[in-house]
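Chain nomenclature is as follows: A, B and C, assigned in order of appearance, with residue numbering initiated at 1 for each chain independently.
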Amino acid sequence: MDNPFVIAFGLIMQADPALMQIISLSLRVTLSAVVIACAIGLPLGAALALSRFRGKAMVIVIFNALMGLPPVVAGLVVYLLLSRSGPLGGLALLFTPTAMILAQTVLILPIIVSLTRSVVEDLWAEYQEHLLSLGAGRLQAVPTLLWDGRVSLLTGVLAGFGRASAEVGAVLIVGGNIAGHTRTMTTAITLETARGNLGLAVALGLVLLSLTLALNAAAWGAGQWAKGRLG
Amino acid sequence: MRNTRNFMIAAVSGLTLWAALPATAQEFITVASTTSTENSGLFGHILPLFQAETGIEVRVVSQGTGQALETGRRGDADVVFVHARAQEEAFVAEGYGVQRLDVMYNDFVIVGPSDDPAGLRNAATAPEAMAAIAGAGASFASRGDDSGTHVAEQTLWALAEIDPAGTWYLSTGSSMGATLNTAAQVPAYALTDRGTWLSFANRGPLEIVFEGDPVLFNPYGIILVNPDRHPHVKAEQALAFIEWITSDTGQEAIASFVVGGEQLFFPNAQ
Amino acid sequence: MSRMAPHTQPILPLSLERVSYSIGPATLLQDISLTIPAGRRLLVMGANGAGKSLFLRLCHGLIDPVSGRRTWASAEPRPKAQAMVFQRPVLLRRSVAENLAYPLALDGMERAARADLVAQTLDRFGLRPMANRPARLLSGGEQQRLALARAWAMRPQILFLDEPTSALDPSATRMIEGMVAQFADEGITIVMTTHNLGQARRLAQDVAFLHRGRMIEHQAADTFFAGPETPEARAFLAGDLVW
């Protein structure tokens, strides 16, 4: 096996266009999925924390359980939905980046919802009468709690990002690993492993790891900054 | 806080726009093919030639043969390009495909540890080689995934009148490359297409221990997914591809694909 | 002063008629009747567990009586022109200025008017130097000062204070008491719980004495301190442990 560190370094230094395209697609897919999952999951999780209804415990348990959904299953569900023979076949989305975004959104939404619920529930216990005293109703409390829980919520968002960027099962099924079109870091790693190019596969893994590291470092820094500034 | 909030709004909108960017608005068709074909690098060699000539982009989804045929059956590809003759003919007979055309063939080889514990180098025919493995109880790594290669392997066991079972028979349930990675580690014998083998880098102690029996002949067929059944199939562009790959130009392109000085695929379109 | 006064309709007096509050089988406030007129300073006293905090929350509308009636002069179920300062202030995880602005924004005050009022509040309460610091990183005394400033900025007609100095050192306590006295001078009605006798003597015009969820005395402070009617209050004033 060739030295993967040397290969990884070479790939990055040359800014290999195929690699750059793969990195760009991976980031685009995963970040989009995270943004969409947050847009849905943050308010949904907060609403779940503040609402009282019959069957709430069951909904919570279901979301918690879905955090462990195997990526392949999420991929398969989205595949069956988007397939030409499926209910959304007319959209012609299978084997496109949009399909991959959708699958990853399905995958990380439960993480965002569950973590948001837990963070907001704790914060609500602390804030409830004070917010009521200051004149905020439940609905107005939602943005307040989300904003004040931002440092903890960031952890959940990062966990979602980690799960999405690391998974291969879902994007492989709904994306098809088409060269130059739906090939991401993880599907490329799978392909190179299958070709026996283990050095290149590990090198790609190193690139993925560095990206994840850089993003987490940035998020951690932002969290520390927010903690220092906003208490 | 207002600045932070504005920044976040800008960042989110930017990301959303980026995500919503239209994919290349170019003409394209989707071809469902096998991982072994993709792994060999053949598509990387011939597709740019086709695109330069016609302007049509070919997006290859590489799957196991069973999955590739299922993709065609569901209408998620315009063309199916695989190597499992009986299944391909059934696919056409059931009305999912229009017609099966010969494109090329390569052959299967049996690889195994260089010390060849089961003595395959002395076998005269492929079924005899398989019988030697079973007789010696030597490890054998099988795809076990209903792929074309797996189907070919099962045919060989049937010809040898052996029902492979036991601790020596390892069913990996994964792709050719993953199966070869396993075989290199055990080490075990394995049936592989020559294309994947030649471009496979992690061989370890494995080498070719049996080859050349005509029964190992591995034909590739190409099928247009039936537009009557799936009206969205891009029949015109798909037919252009099928005509091209079976034309003299396409056939020469296939013949000119060489790995390590060896030709991998032999054109045989009528 | 550019202070706007959107909640000018008088909400006082507040009257409680035979109000009770219970959780499950436990009756925590029982049969309390009382009228709180505008412009007075009412100190609510009693031992720990007598129900002082609950009483305050019930007046403020954080909890509703299980039986009996709570009525405001303005006939609203929960008028806006009231504020509360808690024993341990819960400040938002934001800057001092943003904490001041928060309830004003909830109240629908325009951005410009809000900025004016925040600036004015920062100056009046000496919070200007720490305007952009995270509220959670202030000292205990500073946090309570901010909580009082935030309550003041809400322009309440009545301010509830629940043991606002019990977690503070003497100098911070003196500062908070000074602020409460000033608020009263501005015409804000004060209802405050304490178990600090000295504090009650310094601030009270009226005293309500709670014992085991019942209000057993309610009278002018001078009368109360000169000679309480009930043995429980007498024992409390004498420094005995009452239960």
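Please note the rule applied: a residue touches a chain if its C-beta (ideal position, glycine included) is under 8 Å from a C-beta of that chain, and two chains touch if they have at least 3 such contacts.
Keep in mind it's a predicted model, so treat the numbers as computed, not measured.
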Checklist entry - Greatest Cα-centroid separation from chain A: which chain? => result C
Item to check | Central subunit by CA centre of mass proxy | outcome: A
Checklist entry - Which integer distance in Å separates the CA centroid of chain A from that of chain B? => result 31
Checklist outcome for this item: Rounded to the nearest Å, the gap between Cα centres of chain A and chain C is 46
Checklist entry - What whole-Å value do you get for the distance between chain B and chain C if each is reduced to the mean of its CA atoms? => result 77
Item to check | Residues within chain C bordering two or more other chains | outcome: 94-95
Next on the checklist: Touching residues of chain A toward chain B in the complex: what are they?
Outcome noted: 1, 28, 31-32, 35-36, 39, 83-86, 89, 92, 94-98, 101, 176-179, 181, 191, 193-199
Next on the checklist: For a test of understanding, state which residues of chain B touch chain A in their complex under the given definition.
Outcome noted: 12, 15-16, 18-19, 23-24, 30, 35, 38-39, 43-44, 59-63, 73-76, 175-178, 180-181, 196, 199-203, 230, 232
Item to check | chain C partner contacts - residues on chain A that touch it in the complex | outcome: 126-127, 129-130, 132-136, 140, 144, 147-148, 151, 228-231
Item to check | In the complex, chain C residues that touch chain A | outcome: 57, 60, 62, 80, 83-84, 86, 90-95, 102-103, 106-107, 134-137, 150, 154
